[in-house]
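As written, the chain order gives the labels A, B, C and D, with residue 1 at the start of each chain.
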Amino acid sequence: MKINNSRMSAIISRVNLNYLTLLLIMIILVAVMSMRAPYFLSAANFAVMVDTFIMEAIMALGMTLVILSGGIDLTVTGILPFSSIMLALLMGSGMSFFPAAIIVVLGCSLIGFVTNLLRKTLNLHPMVVTMAIAAILKGLNLTITGGSAMSDFPDSFKAMSSMTVFGMPLSWAVYIVLAAFFIIMTKFNRNFIKVYFVGGNPEAAKLSGIKIERVYMMVYMISAALAAVAGILTAITYSSASYSYGTNADMRVITTVAIGGTSLTHGGSGSIVGTMLGTLFMAVIYDAFIMSGLSTYYQDVMTGVFLIAAVLLSEFFRYLKEKAR
Amino acid sequence: MSVLELRNITKSFGANKVLTDVNMKFEEGEIHSIIGENGAGKSTLMKIIGGIYRADSGEVILDGKDVVMHSPIEAYEHGIGIVHQELSIVGNMTVAQNVFVNCEPVYKAGFINWKKMNSEAKAALAEVGADIDPEEIAGNLSVGMQQIVEIAKVIAKKVRILILDEPTSALSDKEVDRLFQILDDLRRKGVSIIFISHKLNEIIRISDKVSVLRDGIRTGTLLRDEMNEPTIIKMMVGRDLGRLYPPRASSRDGEIVLECKGLSLRNKFSNIDFFLKKGEILGVFGLVGAGRTEVALSVFGADNLDSGKVLLNGKSVSFKNPSDAVSHGVCYLSEDRKVAGLFVNMEVRENVVSACLKTVCNKADFLNQGAIGKITQDYINELDVHPSNCSRFRIRNLSGGNQQKILFAKWLAAKPTVLIVDEPTRGVDVGAKSMIHSILRNLAESGMAIMMISSELPEILGVSDRVMVMSEGRKTADFEAEGLTEETVMNAVFNTDGGLR
Amino acid sequence: MIRKLWIILTVLIALSVPLFAGGAEESQTGNGGSTVKGDELYSMVVFTKGAEYFNWCYAGMRDAAAILGDHVKTELQGPAEWDASLEARTLEQVIVKQPKGILVAAADETTLNSSIGKALSQNIAVIGFDSDAPESGRLSYVGTNNYDFGAAAAQFIVDQIGGSGDVAVVIVPGNIAQEERAAGFKDWISENAPDVRVVSELNDEGDVAKSETVCAALFQANPNIKGIFSTHGYGAPGAAAAARTLGILDDVVIVGSDYSSAVIELLIAGDIEGSVVDDPYLIGFESMMLAYQAAHPTSVPSANPPFGHVPPIIYGGCSVITGEILSDPAVLAKYQNPPAV
Amino acid sequence: MKSGRFRFKIGNRELTLIITIVLIYLFMCFAKGELFYARSNIEAIFSNLSYDLLLACGMTFVIILGGVDLSVGAVLALSGIIATLMAQSGIPTAIAVLAALAFGLAVGCLNGILIAKVHVAPFVATLGSMSICRGMCYVLTSGYFVANLPTSYLNIARGSILFSVPNKILISVIIMIVLAVLSVNFRPLKSMYYVGANGRAAFLSGISSDLVKIIGYGISGLMAGIAAVLMTGSLGMGHASYGLSFEMKAISAAVIGGANMAGGEGSFLGTALGVILVALVNNVFIMFNGSPNWSGAISGIMLIVAVAIDMIRNKIRERRTA
């Protein structure tokens, strides 16, 4: 009994209050919603809810790494449509799916590489560089497509939109694999743990022999590659490619990561699991407004309120912890 | 054959020649100390060995081979490890992660073996005599503890050449003893150790050889039996310093300016009483973490007080923020000049007036650039800051000792009546140190009340008129400085009946 | 302690969720939230929610629903951003609510195809309006022929500038409706007005202030500019502001698209000469009627069983409104009071 | 007075920008002649950069403080809507204008309080208020224009009290010049640099860093409020979509002008030059009939180009001195 008790308290002491609170708010939200909207707790709605936010969820994984390293990446809003358009171009010219997808992902991580190179050589804040690159990509996307949607895909590709893996839609499976990969890597892989060091204290990391520029390069390339994956999945889901995809996705993704407890002030604190919780939270909010029939105008207002509230709460817990010491 | 040899190393930053034709040899299994005034080029030399800078000319010869290193990583690969003066601890990671940063023990598949990492970290910490939980978040540790983790981190890398750049500045004497034991062990195992410190007694105690740098030139190397303080000091500054410490207060009957009664702050300190008299220096001694800085910050209004009274000139005051305190003539010179003292990317002149902006403004609140220039130049001359035309230099381009002088200038420009100085000579060489000591004395003689917080016992004994000892958040003793011995003070430190924590 | 309390609270509330869900059956809220038995929900899904045009459409839909009966509920959904994939997601969320019918204005021609297909397969009637997705299988499309819309603008502008001079087009690239309007505009001019040249296409990002910027620069770059046509509702006010700043309001003919309180005010003041309009209210109204028709099949044989018979396409006309037309109070009243949404 | 109380130092970055602007200007004068250098064209360029100038000013404050303010665009839209709704419903113009300014100031100060007192990351705090303000715009208007404004309101922006220069140009240029001059020597503004360079040190030096931060963000919000009045007045209507992505333009301009996102560095003259450069290039772009697809990317491209030119100039100068 006594052993059990101490194990219990060990578990309790390891619970992250931020995550718990997030969970609490989410559960309350779900409770209220299920009262207002009978469909809310249905399996169909769950599926749609996940679908609604799956692209942001994938990009949020990469964004978490970027923010952990102390940076930020606004290019995702340009890369997502760019990758879908590139895929359409390549497959339209007769290439089959896998080589085309691989080229697109590699090509987009090259954009991440260039972004990071510009950041480094021009000594600019990542926000500024990524903002500029995003604007340039938008121009490129418009020029390539001429503004109209591209749907020049072979039928085999179109069939992929209803493909399932273990009974799950393709995008879910991709997300689960990626999320598991990043959870494991950030816990056990040296290169990924370096991201925390670099975000926590770049100078110290440098003195400890970490090649910090290489870490920055890695996170921006990963973030770009994940945005490319999201773009490819979007193209698969809708059998189309358009410059309009991913509009404002950068802000949604950053909001997700911030709500998930990854700190934009103190680099190096946060986790993939937190981001996944944040993702779920955002998915619930985005779904709840449509399901409840409340005006979606309030959706922006509420996202803003929850974002600030979540960060306030985590600062509050940080304060409590400090006070207790 | 020497393990490491430096031949004709020359290095300039712009027009400023930092090292000129420096030759040095480091042998296996010896502790070779390097000493010199600030700006003498010690840190630059170490950074060249550590691969952070490259020499303009000259060779770094490792095991008889000329090597060129481009980064700290390459230095590590050559078996050279540096314990830096600035801590390289990452606060949000665990102690174990910090110890094994970049060389985590892994399974065959490349995944980190957490269990092994924690147990090895525990062992590495035990080796340096510290009982720290490897799973603790490093940021939660005190500065002294972090310094120990830092040392453990480098030693755990099994280096052949170990460079320690002022490793003892944040350590208590007990921790220093322990560190020296470790260095002794390492020496016996054949590691060559390069030790940089400003503390002459430490250098003499541990070194096999000591090399002295002055203005980027090696002025000589002494063997163990040739070492003594006067000789070393003479080689460093090129002159006899005469007395190491300034005379004590000429008059002890100034009125009480600041009096504190029963100051308490939860988890930080409790029931602290002290007073400051005009013309006196009160030395506050304690180990790192004794709560000295916290008391100072609370008096200064930068932190809260749970209870207690602060009387300034007999009137009860409670400063809501530092700006309040400064306008009442109470100033606090912080221990960490880079984080809490200076604006390193701003100009010297801007730094000097940063605490007295209101006084250099006209009625419409516009800064008077002429006055700023004059004040700055006056203090540069008075405090002998080098170079003397540095008024428009950025702080980051000055050496540590000169930065510290600018920090003093900044607070002197605020015309304090009560000056609290926190570790005023941390990371400052002997020459600058004695200068700062005499500045403090002159200020006291001119009628200022000074409280000096320090972890260097000789400094406390040499400079203060009265001494207050703190330990674990409590005041444990009050002494008159005249005739006080180190033993008495240390006894007071350890004679506590159960601290706060 | 706080930790423990928090954990207990979370668990308690988590356990109580099913209780809430149980109570859902009896609850009842209006405006498309949850519905009681016998209620029918019709949803309108658009790509830039908050655009005045769609508000008019929705007003028409709502009035049609009121005529059809109290049990017919409506809602307006859609992302504020112009993002076809976001609109598709919103559509999928709407499908979960199992409405009887959905009215869709498609952000582009193909992205919504699979979502529309999904709705149809669940026996939800889908009517396209304003912006069509022709290959999606939607039962019917109600809207305007945007090519003709542009041609009408061209005809008006050529008339106003006296058959010769330079003109320019303001457009947000990537919007099919606008691209078609621009194409119709340019084609009509090249076929019918040899002395008129389209010298420039401008992107104002659908933003009035940006429109002012680009138009001001255009007037400078081409002093001979006689007319300007905005393919969307925000361009004309911006162009008018630019012309006002430069003092050339009387020298250029500004023709806008759609109507809004801002456009009406400028038309009456004479700052802009005309605006090409279709009837969004009527489009919304008719779409709603068609959706209801499709959702309630009659004995009339249908081309799309199990849905009721609806015509594949209904094109409404478009016309040019001017300050003169609006001087008739009866006409003005129609435009002046935007419906509350 | 003598030793340059108003010493106006032109930094390297400013010089780079001035050279670039002059080169572009000369080039355009040759290429397009009268069309380009006509007073009306210069007026057109300036009339359109007046909002950008104001927002970029506010943003410069915030960047000097080491932060960023994403909410300015949304605050502009919402203040504009508040002012126009009030003016439309017959409330006196002065009160409507004051309400807009007060609202901008209030949102800015709230941002500042969140950032200074509660230590929320500036990006997150202002992203939150951006969402809230933008959402409120639509809640208040449902996306409708707010038109039919009284002439007295419109004339604030459209009228002209000096040299027949439109007020909106006059107001924004005057604010800009005042700030540029004040930032050199005016103590409350100068303390921003201290706080941005090292907040802890500034606090311990007796500068009320929290207050300074709150004021800085407050000014940024206030600038958005002023820009809102000018924009709604000039265009004659308020709308929820005003100011979309203006924050990005403002940040670009400030960074082009030499502001450092790490804090402590930035100049109002540089920011003004940055705004002018982007506006000039926009004008050039349209003069040469550039593809509309790329007009949105101009400020991003100019940012990279300007910073790169500056970097190359610095390299060349270093080599020359070495």
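We take it that a residue touches a chain if its C-beta (ideal position, glycine included) is under 8 Å from a C-beta of that chain, and two chains touch if they have at least 3 such contacts.
For clarity, every value in this text was computed on a predicted model and none was experimentally measured.
Listed here as common contacts of chain B and chain D: A. Of all chain pairs, the one joined by the greatest number of contacting C-beta pairs is A-C. The chain with its Cα centroid farthest from the Cα centroid of chain D is B. In this assembly, the C-alpha centroid of chain B lies 69 Å from the C-alpha centroid of chain C.
We define each chain's centre as the mean of its Cα atoms; on that basis chain C and chain D are separated by 33 Å. Shown for chain A are the residues in touch with two or more other chains, namely 142, 147, 297, 300.
Across the assembly, chain C contributes residues 49-50, 80, 173 that each touch 2 or more other chains.
Listed by chain label, the pairs that touch are A-B, A-C, A-D, B-D, C-D. Looking at the complex, you find that chain D touches chain B at residues 2-5, 7, 185-188, 190-191, 193-194, 197-198, 200-208, 264-265. Chain D contributes residues 68, 114, 118-121, 123-125, 127-136, 138-139, 142, 248, 251-252, 255, 260-262, 291, 293-294, 296-297, 299-301, 303-304, 307-308, 311 to its touches with chain A in the complex. Of all residues in chain C, those touching chain A in their complex are 2-4, 6-7, 9-10, 13-14, 16-17, 20-21, 23-25, 27, 29, 31-34, 49-50, 75, 77-86, 88-90, 92-98, 107-115, 173-176, 179.
Only residues 71-73, 76, 82, 84, 86-93, 97, 101-102, 104, 106, 110-112, 114, 140, 153, 267 of chain B touch chain A when the two sit together in their complex.
Within the complex formed with chain D, the chain B residues making contact are 300, 302, 321-323, 325-327, 332, 334, 339-346, 350, 354-355, 357-358, 361, 365-370, 373, 410, 414.
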